[in-house]
């Protein structure tokens, strides 16, 4: 019954847990700040949050602990990831400072502030404490509920209103008003014809049946890859996988075997020539 | 009867209001309205005069209290009129001569399209002048004092299209303002000394006040008098004032307004009597001006300016007499009245001459006019005889009295003053004879000058109808000649009338007080000396202008002559010292105001702007740097709280 | 609880301002008429106040008092003494003329100019200023006063910066830049003053624990509130600085010529005849009553500064080439007289100063508005561009001359009485300063007559030869002012009777009494 | 062990998050750091609630989560539209607050 224990006192177990997870949390926080890629920051933040959730539990805030995991780590952080995806997981933004002296000021403030806070906590003599046990006697959730729906009911209602407003606000912000009618298929095709390029649909990616992944460029008859076949996004991110080389080597290997079987040597260079001419 | 006093002023004031506000629809009758109201005022004056004569000498003072004007604690100024013998005399002179000159102006201004306005101004002047002499306290007197200044400003500058006229008007007002400053300071001094500035209380308590304050008050009053009566050193405006229409010169700058200074001194006699030093200054000022004006009068070729010089010198006589104290007050006023008659007559004559000569004023372009305008000639001649003090005429009586009183002052002062007055008499005879001869005798220098019709200093009436060809001298219309004749009568008989049983003396004595001075010389000696000197003056003038022809262009003349032509360089002095200096001062001050006073402020503004420009760099728009500052701020707050808890 | 008359006098124009501003731009004329009616109604109310005010009665009458910001003891307290009621009447009197004179000043400019001129905004702002000025004359709560003392700046700023003369000699662009410069200068000067005053106001609250003028004065009188000498002096300086900027007193005056020069004549009148009066009024009411000792301590310096203002302003007026700037410097000289009268600490001086505020308002309005009519005809402010106007527009010239004569305080016109009272009052307490100040009357004559001579007399300039004389509207503006000038010059007793008791009480607050004459000539 | 250690940890995490906000340019990462700070606070709240022996702290933490959720939704929406408009998620690119 560790929960009960945790509620009344701090066991060595909790101490151990604190020191281990605390380090993790701090590391997560640091990496949130210093990771180059937003995705990584997000993930490390999520990690920190989970650790915090555990701490909540350890502090006897069972409800919050769960909420922390569900809402924060589950919902909010995922929202972050979505946005990161929307905005595009571009190449990591450089941590090089543009504003003169900003970084040093930031660090100075940060360190100073931290030191001050710690000092403040330190000289606020908080030696003794009474556990949460009393409060949690008949269940943490019930206790919270009792408070929220009596003492803090107005605040609660207002936060409800706030949430709704926020949702609406988000929609309003992200909603884009369409000014002109969307073009129909027909109009689009006619446009393309008039423009006179790529009248047929773009070539599909993938080569034969061996690769049909979207990031593999289709090969021209001579085996060289065609950029057109890969979506622009992948091209921009430089995530196109070039398989032409191995395709050619496969080809060569195939013909090799064919020759061995047919004991043909004098005319072995012919297909190569052809391929070379073709490749010219 | 007291209630009539206000009417004296009300009549012309009403005229002024009606004429000035009335607008063009009154153009046709305006001048008659003005004249009638002036005459009405004169009639009221006569009625009052009769009333006063009916009373015994001591209670001939009427007081009319209209309303309280400015009541502030102890500062109580009332609108109260005081009609006693002194002011009665002035009222009669003002309204009488004023009415005559109104009448004269009807003819003189006939061709001026702004005649209505002219009469409005004349009425305004009458009202102000009457207020001046009727006021019962100095503040009210001050109102009239500046009122006549305004009227003279408007009338001198009546032909505003002439820059010379506008400038002259401005000059007159400014110089007068200097005098007014003296008057206002005098009033303040009275208020601090006596706690009031009403005639009665002030004169009643003169003896209690300290000598120094009284002298100060008296000198300030004298300054005012100098400004108004064109006495040295504030005389410079009078000559230029001749830019105004001639009736104005006659009424304001000969008969009435310029004598206000004398009135002030005589009215304040009580104060002056108590301040002998001030009196001495008064006599000196009078004596200097007497000679100054006379000399200037000798040199001027402009007939009006010559007369203006004579006016100055005659007023010099009056001021001198007034400075003599109780010995002279009566004679100062007497000369004032007679002078009012003959000088007004002379000016009207001059105006009549100009009227007949296309508004020519240069006497060198006159000559032999007696045939062409006989009435003018005779009236002018009588006035001439009066002013040079020809025995039997009014000037003779009044001036001799003054000369006697001057000697009667006693001591060396008496001798000096007497001598000055005697010399003055001779010079007066000289320059008046000169005017007479150059205008009415000699050959007719105005003939055969088809080109020279253009008047010397632009005395061209606005509605210039006369062609600038050879003038055709002609007698002026009745409206102009009648007043001249009346005034001529005045200048002949007034003196005799006044001295007859020394009626004038008895009339004024209750107000001004009088004491017979004992002159070291007998009356006969003085009279004969005066007569001889007068003859010498006349003879000299005759020898110079009567025997040989007068050059049509003024000879260069001696240094003195040239100086005298330029008003003895007074104007040049003013110009160099006051005008130039003032211009430089104001310019430099404007510069200072722009650069220094304003510069300081703008400099501050600029520096603040620069500073903010630098601070602006902090606002680089990067959310993160804002965040840094915010975070740093938070850190500081934490630090602060910790510190607070630590201590 | 009787009808809140004083509040009404302020609220009416405020409401009128809102209503005027609300008039649609198409109905521009309606807005003008509305503004005129409101201002006239306010005048009527002010007259009622004047009638209801009993000179012999309590010091502050028609008082209203409501709790406002109870935490700081700020109350909504209104009440007028003789001085306040006179100035309220002046303000209410002048605004209709200003509105009428500015009838066309805010009309949209003819095509080719890019400046947008909201007509109804112009009149709304004027009414707003009126409301604020009136309430600051009526407030007896220091904080309340301060708020409106400052708030005034906002509408004034827009009036100065937004509306200039329709034609300008250096073209529209230069004009607008100068205008905005002037507006900003006006704003900054007064804001600085206001800030310093705010500090002093707070300081006063810290010291006195109350914002109520009457309470503080009473407490000081019965000794229950003691202020350290240094404290009192600092607070005094804080207040005085703001008022001296507003007044304006040399050397804080340089904003006035710009502001008056660049704004239209009616706005210029609003500045100098109405808004600036708040400064001098506040010296009389707040500096003297709240800090009597400090006031006496500062008197010599202030008198000298006032003297400098008088002479300096007059001399600079002589040196100006621009009609409006000339009038502005003349006003600086006159404000010097007012301040001198206030700090002469004699009943003549202070009554004179109060009368001076009223008379100067009227006379400057007359002169400046006529000058505005003149400028609007020729489209130039330079004196040298005029000449011989008297010939072509005699009525205009005549009214201009009368305005000028009032400015040089000719006896018989209202300003003379007040100016002479100020001089006498100063002379009795500080003879030397009084005598030097007397030179001001000569200089005044100089700049006025020079202005008149250069513009009105002499040969007619071709540019002005076709100049029309005053129109009916313009005569309707000027004539009443002139009548008023003459009436108050001949019979100032009514106002004097209202003002004297208040001045007497102010003097008793300062523990000053008039010096006795050497000889008791009148019992 | 004294649960105050949790507070130390929370402080540390908070500081790290804050520094991250200051350092990173990628809006999403900045946002994550903000979340990190919020979580740190939550931890502190929970610990407090344990020390005081009542649940209010947990309730506050709960509300914090809700608000954080709302905030995330809106914030991410903002980021998305920002990215749409200027094709970058860098906070420095949106530096129009300059004078």
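Letters A, B, C and D mark the chains as written, and numbering starts fresh at 1 in each.
Rule of thumb we're sticking to: contacts are C-beta pairs under 8 Å (C-beta built on N, C-alpha and C of every residue); 3 or more make two chains touch, one makes a residue touch a chain.
Which protein is which chain? UniProt says A = NADH-quinone oxidoreductase subunit J; B = NADH-quinone oxidoreductase subunit L; C = NADH-quinone oxidoreductase subunit M; D = NADH-quinone oxidoreductase subunit K.
Every value quoted in this text rests on a predicted model; they were computed, and no experiment measured them.
If each chain is reduced to the average of its C-alpha atoms, the one that sits nearest the average of all protein C-alpha atoms is C.
Chain centres here are Cα means. That of chain B falls 94 Å from that of chain D. Chain A and chain D have centres, each the mean of its CA atoms, that are 18 Å apart.
Chain geometry summary: the mean Cα position of chain A and that of chain C are 73 Å apart.
Work out the mean CA point of chain C and of chain D, and you get 60 Å between them. Residues of chain C in contact with at least two other chains: none. Each of residues 18, 22, 25, 92 in chain D touches at least two other chains. The residues of chain B that reach two or more other chains are 620, 622, 624, 628, 631, listed in rising order.
Taken pair by pair, the chains that touch are A-B, A-D, B-C, B-D. Residue ranges on chain A touching chain B, taken from their complex, read 99, 102, 105-106, 109-110, 112-113, 116-117, 119-120, 123.
Here chain B touches chain D in the complex through residues 616, 619-624, 626-628, 631, going by the rule given at the top. Those residues of chain B that touch chain C in the complex are listed here as 20, 67-76, 139, 142-143, 145-147, 150, 153, 157, 160-163, 165-167, 169-170, 173-174, 177-178, 180-181, 184-185, 187-189, 191-196, 198, 201-202, 204-205, 208-210, 213, 582, 585-587, 589-590, 593, 597-598, 601, 605. Interface residues of chain A, counted against chain D in their complex, comprise 10, 12, 14-15, 18, 22, 25-26, 29-30, 32-33, 38, 41-42, 45, 48-49, 52, 55-56, 59-61, 63-64, 67-68, 71-72, 75-76, 79-80, 83-84, 86-87, 93, 95, 97-99, 102-103, 105-107, 109-111, 113-114, 117-118, 121, 126-127, 129-136, 140, 143-144, 147-148, 151-152, 155-156, 159, 162-163, 165-167, 169-171, 173-174, 176.
Residues 18, 21-22, 25, 91-92, 94-99 of chain D are the ones that touch chain B when the two sit in their complex.
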